[in-house]
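Two complexes come next, and they have one chain in common, subunit A, joined by subunit B in the first and subunit C in the second.
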Partner chain A sequence: MGPLIPLNVIDPSWNNVIALIVGIAFGFILESSGFSSSRKLAGVFYGYDFVVLKVFFTAAITAAVGLYYFEYLGWVDMSFVYINPTYVSSAIVGGVIMGLGFIMGGYCPGTSYCAAAIGKIDAIVFSTAMLVGILIFSEFYPLLESFYNANFIGNITVFETLGMTAGWFLLILIVIALGAFYVTSIIQEKVKKVDYYILLK
Partner chain B sequence: MDNSKKYWNPYFGGVMLGLLLLLTMFITGRGLGASGAAKSTVVTAVDVVAPAHAEKSAYYSKFLSDDKNPMNEWLVFEVIGILAGALLSGALSGRLKFVVEHSPKITSKTRLIMAALGGLAFGLGSQFARGCTSGAALSGMATLALAGFITMMAIFGTAYVFAYFFRKFWI
Partner chain C sequence: MNKTYIILASVLVLLGIGLVFLKANTNKDELNPEKLLTEINENTRYISTDELAKRIIESDPSVQLIDVRPAKEASKFMLQGAINIPLADLLNEDSQAVFGQDGKDFIFYSNDDIFANQAWTITRRLGIKNLHVLKGGLNYWAETILQPVAPAATEPQEAFDLYQARLGASQFFTGATLEVKKSEPLEKIDLKPKTKTKQVEGGC
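On to the complex of A and B.
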């Protein structure tokens, strides 16, 4: 029965050891998939490389199908699994600001750590500047607090909101993903290639 | 191009990442993250430089307690792992190199300025959204949390809308 640590099947003192091991695997997978190259990542916005869409969508669906299948089998108690709280306004504004950050900087936080680890100087700058962004938010928090906590609608799931079961929602999500993979493969063939490997030679 | 420098098939990478995320949720009840460690770093730095200010602040004080170092956080250990894992993968594939990666149309200096602006925005945005692409979007989507889908669509939607204006930095 899981999740194992919240239910004390594994002692919580293992938490940081598990964090380290999970992190090593996370970094290894991201780097091996090409997420340490900002020009490869940015390809998703210009049509020359859809690796972000493919990896991201496949990972989210694999994990979600697995998680809800585990629940169906009785292996995991979803009341102990963290469902991100939905603060509508703050989630949208945060996403918009991050979207701007993505198209300007070419990385997100996790991928910038990977790129910094293999020597990308732009990624070292990106991840350092992130700290400044967080500092600015923290210092202006008294002004932002009411907005930050506005429109809270609970730790709810998307399928509850849409009034369907997890299974049906996942099926629809899989169909959307397969459609997106097909369409983007056609786009990628038509768009001029960008040789970001040039820097590695 | 040398074969050893090739990246994984993206669908293989996606399944591996999904299985890791599933395993992490099964063990810890939570998903992966990245910006949380940067937040811990900022909280710790402010607490060291200006402890009175940190304790008084409504934001830093949320993450400070008397019996625990603010760096003793799951995500801090996870990010140390990310750095080690990426370094290992890069070393095995011959990708370790100090370089500023940029489009041939811009200079290294321009790239670094854009990287700094991007990082600044990402740091700011990740606090509003209570997580970044990893913790809010990917892990949120994996639990089918509404917030995960909202944040994911806001991030990618915005980037697509503005992609045209920033094209010379990339293509």
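On to the complex of A and C.
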């Protein structure tokens, strides 16, 4: 039955409409969970707020577990599910740049637009700077192209690379996630609490 | 620690353990058995050697012939444009990729109908569409297309028309030349120019 668009259950021309609806829902939930605050996002780095880690890790494992149960029930054919291609060099460098930007600005790309939408000036500066970054990257693409495409290892998954089944990998990932939630909650208790409302005054 | 967290965490762990022990679902998307049975009895899957010959000659791009005989036999002779997928390899990933092509009519053939029908049943159960079987297989192909037999003089005109079409196909596939009986020379006819008769006289 699924995935719905690759198997033509839903016509591909609906792609943008669905993306718009999912995007609005995603932005709404990000904002209402407080993710439009750069302090909340930077809190993961400084150790006073781990909500971001908890939310995204929970989302990832819930979705993964759900997908594999769907596959068991024959609702989704995992061989049709898109797997992001892995370019090792650019993934590492891109990860470092993204991490630096994240901690300096206090936003990831999604949350920066979310915060810009509610009128936060730092988010407007952040998202504009991101566009400038994209422009610079695009202009220098011919120079960066060979590095950008270096060390391509295909559309691989972690569990296939490690030679285990998806079930085992997910169980281990769930245990790691729960362990991370527990450890971070201890860290959070020990680090001095930051009261956003005081900071805002 | 919050009780809700402990409950939710244990649910996640249980679901994860469940995934480890669930066997991979291998027979998904199988065709409904009643539907399969109806289709088997309908016999609409068959394509005649004459129709196939016509489509190959017209180089119909939608024809995808699949030779299901063992590779050893297939290497000796295959029909034009056919690919060899022995029955044992039918469920391989590479073979499955063949059936992913859109807008193709997949025509199975073997020496007779038997292997081709087995291949049809297996692939049809997987839910693949546009599958056909060459009626009579290669044996009937040789009998009707490669070496057609002339109909008896008492047979109806249709039989002669079919024979003519098969002779044409035979020429196409074997390169044989059509034998044409040499007719006897015609009798010479004396041609004499008409002599002009008297011009018509009179008038109005």
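Simple rule for what comes next: the second predicted complex is superposed on the first by the 196 of 201 C-alpha atoms of A that agree within 3 Å, B and C clash if a C-alpha of one lies under 4 Å from a C-alpha of the other, contacts with A are read in each partner's own complex, and residues count from 1 in each chain.
By our rule, a residue touches a chain if its C-beta (ideal position, glycine included) is under 8 Å from a C-beta of that chain, and two chains touch if they have at least 3 such contacts.
Since the structure is predicted, the reported quantities are computational estimates derived from the model, not experimental observations.
Asks: Given the superposition on subunit A, are subunit B and subunit C in a clash or a fit?
Replies: Aligned through their shared chain, the two binders fit side by side on subunit A.
Asks: Which partner chains sit in contact with A:Leu178 here, subunit B, subunit C, both or neither? Use first/second/both/neither.
Replies: A:Leu178 contacts subunit C only, not subunit B.
Asks: Could you tell me if A:Tyr68 is touching subunit B, subunit C, both of them or neither one (first, second, both, neither)?
Replies: Once the two structures are laid over each other on A, A:Tyr68 reaches both partners.
Asks: With the two structures laid over each other on chain A, which partner does A:Lys54 touch: subunit B (first), subunit C (second), both, or neither?
Replies: first
Asks: Counting residues of subunit A touched by each partner, does subunit B or subunit C come out ahead?
Replies: Touched residues of subunit A are more numerous for B.
Asks: Touching A:Thr157 in the superposition: subunit B (first), subunit C (second), both, neither?
Replies: A:Thr157 contacts subunit B only, not subunit C.
Asks: For A:Ala166, is the partner it touches subunit B (first), subunit C (second), both, or none of the two (neither)?
Replies: In the superposition, A:Ala166 touches subunit B and subunit C alike.
Asks: Give me, in Å and rounded to a whole number, the least C-alpha distance separating subunit B from subunit C in the superposition.
Replies: Result, nearest C-alpha distance in the overlay: 9 Å.
Asks: I'd like to check the shared interface: which positions of subunit A are touched by both subunit B and subunit C across the two complexes?
Replies: The answer is residues 61-62, 68, 166, 170 of subunit A.
Asks: Over in the complex, which subunit B residues touch subunit A? Could you list them?
Replies: Counting only subunit B, the residues touching subunit A are 1, 5, 7-8, 10-11, 13-32, 34-35, 38-39, 41-43, 45-46, 57-60, 72, 74-90, 93-103, 111-112, 114-163, 166-167, 169-171.
Asks: Spell out the part of subunit C that touches subunit A in their complex, as residue ranges.
Replies: Against subunit A, the touching part of subunit C is residues 1, 5, 9, 12-13, 15-22, 24-25, 28-29.
Asks: Mind listing the subunit A positions that touch subunit C in their complex?
Replies: Those residues of subunit A that touch subunit C are 61-62, 65, 68-69, 71-74, 77, 165-168, 170-171, 173-175, 177-178, 181, 185.
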